[in-house]
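Here chain A shows up in two complexes: once beside chain B, once beside chain C.
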Partner chain A sequence: MIALDPAEKKRPEFIKVRVKRQDGPGKDPYWQLFQIKYEPELNIISVLQRIAALATTSDGKKVAPVAWDCGCLEEVCGSCTMQINGRVRQSCSALVDRLLEENDDELVLEPMSKFPVIRDLIVDRKRLFRALQRVKAWVPVDSYYDMGSGERQLRSTQEQNYPLSQCMSCGCCLDACPQYGKIELEQREGESDEAFQARELEAFDEGFVGPHAISQAMLFNNHPTGKALAGERLDALTGPGGIQVCGNAQNCVSVCPKEIPLTTSIARAGRATTVHMIKKWFDR
Partner chain B sequence: MSDSSHEPSFFLKHEFAIRRLHSLLGIIPLGLYMVVHLTTNASLLNGPETFQRAVYLIHSPGKLLPLIEWGFIFLPLIFHAGIGIWITKNAHLNSGKYQFTSNRRYSWQRWTGIIALVYLFLHIMHLHGGFHAEWWLAAIDRFGLGQFRPYNAGSSLVLAMNLGYGIVWPVIYLLGVLSLVYHFINGLWTAGITWGLWISPQAQARATKVCVVLGAILTVISLSAWAAAVFPSDADAVEMRAVEDRMYEAGVESGMVPEMEEKRWHDSSEIEEEIEIEENVQVSRGQEAPAA
Partner chain C sequence: MAKKRVVVVGGGLAGLSSTMKLAELGIEVDLISLTPVKRSHSVCAQGGINSCNDQTRQLGDDEWKHFDDTVYGGDFLNHQPPVKEMAYWAPKVIDLMDRLGVPFNRTGEGFIDRRRFGGTLYKRTAFAGATTGQQLLYALDEQVRRREAEGMVRKFEFWDFLGPIQDASGRCRGVVAQDMVSMEIRAFPADAVVVATGGCGLVYGRSTMSVFCTGSAASRCFQAGAKYANGEFIQVHPTAIPGSDKLRLMSESARGEGGRVWVPRKPHDSRAPRDIPDSERYYFLEERYPEYGNLVPRDIATREIFDICVNDGLSVDPERMCVYLDLTHIPKAELDRKLGGILEIYEKFQGVDPRVEPMRIFPAVHYSMGGLWADYVRSHDGGLEPGAPRNHMTNIEGLYAIGECDYHYHGANRLGANSLLSCIFTGLFTGPSISNYIESQSEGFEDVEASVLSDAVSKQQQRHDHLLSANPDSDENPYLIHQELGDVMTRAATVVRKNDQLQNAIATVNELHERAMKVNLSDTGSWSNQNVIFAKSLQDMFPIAKTILQGALQRDECRGAHFKPNFQKPSLTAEDPAERRRQAEEWCDAFEANNAKYLKSTIAEYDCSTMQPKLSYEDVDTSLIPPRPRLYGLVGADIIEEVWKERAKAKKDGRDLAESTS
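Up next is the complex of A and B:
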């Protein structure tokens, strides 16, 4: 799949790369065009390395190297996520030869659209992790005591849970979601860092939790120990910015690089919250 | 410094319940009502008698009718529309960028919702008038609005559609009704996910098939209803009116239909005359000759 077709002769000499840049948080974005020599089997990370080495735009202007983020280089950490040719994905697994097949004119790199830009292609995704805290996406086993072995998991439960556990918190699902809006606050003059952080968390906690968090809530509600917090997770999912914000556009499942059945999780959460709501209504 | 006293707004706190109510009202009563409405209108294809009988049945609650109208149609509609506008306003449509089928459906759900809302306002004004107050109906009648006469159901509908060169209203109705059919059927499909009826992709695919079939049936019904109202000419309407007047007279005679002249078609000059007669002479309506 990755190996190139040796019969393919048509290779460009140069690759044009258009990058949407931004010098810092809250600054105006601007576009720059770079040109690098074609090499076979490049990915977007290696393209960005070439651009950093050049630090010169296509019309010869010396510029600061484009900033980007990456980690594992094998599509399991999610840190190199950006918009490539208008579609959110990991730059490590975005192969240039494949991209040129779709559009041989140029490569277009933009930061993710739903998170505040820190610089160029680097964004601040802390809202994504805050959402995992909101739905308590963990197994509550903190204890000084040996609690013995856990409950046995059925094979079918394992098979249902494993795909959900593959989430790497990259944020593709959020970036493509038409219901997920960007929340970007600016620190006020004289506002302490703590006060700003608190204000930011409040804003995050009113925003949509997002498909990744809904799916993680379903993963841990389906876990023999994790289900101890099932009610609290469903409370979070029916609270402000909960599952009700979902508009069933189903982009999340289409763009998920790990092919996690996010819409299945959302529908399961829909059923669970329906039951939870009725129970709460009559049991209070 | 930090305003930890910050509380989410009433709307945000109860958004889950509000959105579920929005979802429910879209199906019951609104969607259900629309199916009944379109089917009733399609019955005009069978002739003015069939349609008129159905309208008599619908109007049989008499004085309760405004209560039913507001409780089961207008108020749910206003709620559904208000929340719908808010939902649309907060959507970041991106079906141009991510051209997946379900994403396009998501965008269409919002566009058809807005089209349907504008259409329903025009439709209610055009035929129903909104309020039953006589002075209001008389005022908007001059602009060709509030044209429907329940006891001359078929003929007044046909005449109303033929206003505006017989093209303006038919186009508006076709666009509006088809938008509504899409909005209802697609909404039914998404509601199934929202409430957790169809969960797996396979189940959702099956639900899609069922919804496509329902949508096709409803499209046929709505096109029939549209054609039945749009194709007859003014001359056909006069023939229909004769049938309806015969039914009314016989109905009043037998006690099957309450005598309510305001639900019948009158010449605008006749209406003024009638009001004058009522005001000045205080003649009981029963002795007046019914309009020809």
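Up next is the complex of A and C:
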């Protein structure tokens, strides 16, 4: 990558920002246009900060500030995922100068499409974390007492595992996946919070588990102690909403901001589940 | 057996290790966090985690030396028993994290690889690429998810902690928190409460910290009567990437792996860095600190970089202060394997490949050594007494503080790769202490009087409703006030501190505080209203900001990260050996006199009626390693050290004699 030559940078006086807003779950979305002063080296986070401080649309109407989610601002926490100019990505690493090269007319910000909108650009990604529980993405250690070190590990194993372990649960892969459908339930009248939550989890557990979780299953199946649950993970991946749902569109790997080899994980999982099912059939 | 329940506030390394340990001990946990815990600020820690290890041991290292480096690096402001305990636990902590699946980098033979970090001469630091914090956090997050699946943990993510609940006796019986989506405010009764809410970087506007690190949770405990200690000790990290929304960290591991800091000797040399020959580069850290080179402790590296830009006028860029951090002499494959994560950050955000071109970096606010005051019980061997209920309890009974938000372990300056250790260590170590505390109580979380809970909730509801409606005619905007606060704090209370500037800053911050209490919100809705959540955290930044400024003003000395040039101890000037010796004696007299006055923790208590902190001072437990001058790079260090050693020996001989005759 080469730095933009300052002389070639487009320096408009103002930037137009079109934001798809929604006041709450089940409400109709609507668009609003904002305008902020151009500064060099802005990212989408600083654009949204300026909009929040102004809270005024381009035609001078006072509005509630746009709600969005962010955290570390350096692309390791996974909070600030949204659709920017039609593409799902992290807003912290979306640099305005580059976006203006693609489209110098305006910036278009929308919430992720596969998760229920809470408000404006904030979505509810509980389902994503639930999937990690479905595939038991953890090492089942006996205890947290001092029992000495773990097993020695070849550098090549570490180098295979580390990239998978960098998954920050941002959800880009899920938003881009054609097989991952939106699941949005409404609390029924008279339904308790607990009952609603249980119904929601049940629905999540029937939906597609998603490339991120498949990849985590492979990560833990490749760990000396994590392997202990390999069979249970493969069971989860062959159940409803498991790996068979993947249509091999390969969108996941192309949008992953961390360039995690998700399709390699899916291929590994495909082979492992096949062997697992044949073994289970013979063991019957 | 009655059910036990603890509320843990904060889901970073400290909060998660506490949660998983408590769950293991059979205690249910309600885990409250502003963000899904997997996104907590600990993910930003890059470089690694320290412990002495098999390799360093054979080079003469041991736990005691790790302990010694930590208190020496911290300029002896650290209470020593907790530090000692942590250093002795460190190898065990890394073993546990290894078992939990953290993908630490490996040597060719499959052992955990180590690198060197600042303030030590040993390779103590274990690392997982350059995203060690992220990897440690994920391992703990996974264990907590496992406990959640077992039903031992309930997570309340996107909930904002509003304050502790205290009964008539003052004991903490739970917390009040607010759902940031539905805006519901409710009580969470508990047997004990653990606050693990990290640092307060947002008080400075922009820092290396995540947007959640407002310090408001600690401030809410402070305003409820908890003491806040050593607030003025704020670490400014030497190397960060300046940005308009955030100052992104460039890990010390870049220097640990051989990165070199330099500026062109000619001011604002316009040549590309690679065209500047070695002889025309000023490797100022290596020249000024031959022993530690680029790996001097952080406070020193920060001051040197600041000095080279501000006073020597040697900033690389005439418009924006920065120096080069150069990795281009290291093979690319090695850089990718060991530093990939941070090099990507630089490349993504600056659009320049740091493998080819030196990075441009400048110091940024990074860590709060100070925090909520927390107690401990010293064991007979000078460590902490395992399982003692008072370990890490604040002065509010039943309220514990751990991780960055307490004031232990790092003294006046934290060594790199010690923070991840202190967070995980405190989470694990306090588990049995909290369990024993709960055992000792006759009333549990199910016995809290309903009125205690409802009063606490209605107090917070009033504050919330008031903010939404009280100031319709005001034009005070919380975001703009926050910018002003950040500017004032950054100017007056970071690298160099001067009393006149601090006094001015105090006056300005007082005004800003009053204005912040009258903000008019652009969103008065009752559904995921970020505006009101932010306004509350902004208001709660002020007690901390005032404590930092007042503490800095009253501390007329230089200690670790707190640097006042007007109170700097001079280098030796004499050439004549006898005169030089006399100067060294004088220097040591002055050092001892200064310690008698200032080797004390600053303790703040907040007076809600005057909206001001009240300061007092607490002796530091230095019973294990006597304080000695920190002489990195001082002219005449050798002779001062000689004098100091003679004095220390004389004192020790005197003590031994007294003991043998008594």
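Following the convention adopted for this analysis, the second predicted complex is superposed on the first by the 272 of 284 C-alpha atoms of A that agree within 3 Å, B and C clash if a C-alpha of one lies under 4 Å from a C-alpha of the other, contacts with A are read in each partner's own complex, and residues count from 1 in each chain.
Here, a contact is a pair of C-beta atoms (placed from the backbone, for glycine too) under 8 Å apart; a residue touches a chain by one contact, two chains touch by 3 or more.
Predicted model only: the values in this text are computed from it and were never measured.
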| task | Evaluate whether chain B and chain C can sit on chain A together after superposition, giving fit or clash. | result | fit
| Looking at the overlay, does A:146 come into contact with chain B only (first), chain C only (second), both, or neither? | second
| Greater chain A contact set [chain C / chain B] | C
| query | If you stack the two complexes on chain A, which partner ends up touching A:213: first (chain B), second (chain C), both, or neither? | reply | neither
| remark: Rounded to the nearest 10, the angle in degrees at the CA centre of chain A toward chain B and chain C equals 160
| Touching partner for A:180 - first (chain B), second (chain C), both, neither | first
| said: Just checking: does A:241 make contact with chain B only, chain C only, both, or neither of them? Give me first, second, both or neither. | reply: first
| request: Based on the superposed arrangement, let me know which partner A:172 touches: chain B (first), chain C (second), both, or neither? | output: neither
| query | Regarding the shared-chain residue A:267, is it in contact with chain B (first), chain C (second), both, or neither? | reply | first
| So, does A:112 touch the first partner chain B, the second partner chain C, both, or neither? | neither
| Least C-alpha distance (whole Å) that remains between chain C and chain B when both complexes are overlaid | 16
| Can you list the chain A residues touching chain B in their complex? | 86-87, 176, 178-181, 191-192, 194-195, 198-199, 202, 206, 238-251, 254-255, 261, 263-264, 266-275, 277
| message | Using the touch definition from the top, list the residues of chain A that touch chain C in their complex. | response | 1-4, 23-24, 39, 41-43, 45-46, 49, 52-53, 55, 62-65, 67, 70-79, 92-93, 95, 118-119, 122, 125, 129, 132-133, 136-141, 143-144, 146-150, 152-155, 157-159, 161-162, 165-166, 168-169, 220, 223, 225-226
| note | chain C contacts chain A in the complex at 20-21, 24, 35-36, 38-41, 43-44, 92, 94-96, 98-101, 103-112, 128-129, 131, 134-135, 138-139, 142-143, 145-146, 148-149, 181, 210-212, 243-246, 248-249, 337, 341, 345, 347-353, 428, 477, 479-480, 522-523, 525, 527-528, 530-531
| query | Inside the complex, what are the residues of chain B that reach chain A? | reply | 1-4, 6, 8, 12-13, 15-20, 87, 90-95, 97-98, 100, 102-103, 105-107, 109, 190, 193-201, 204
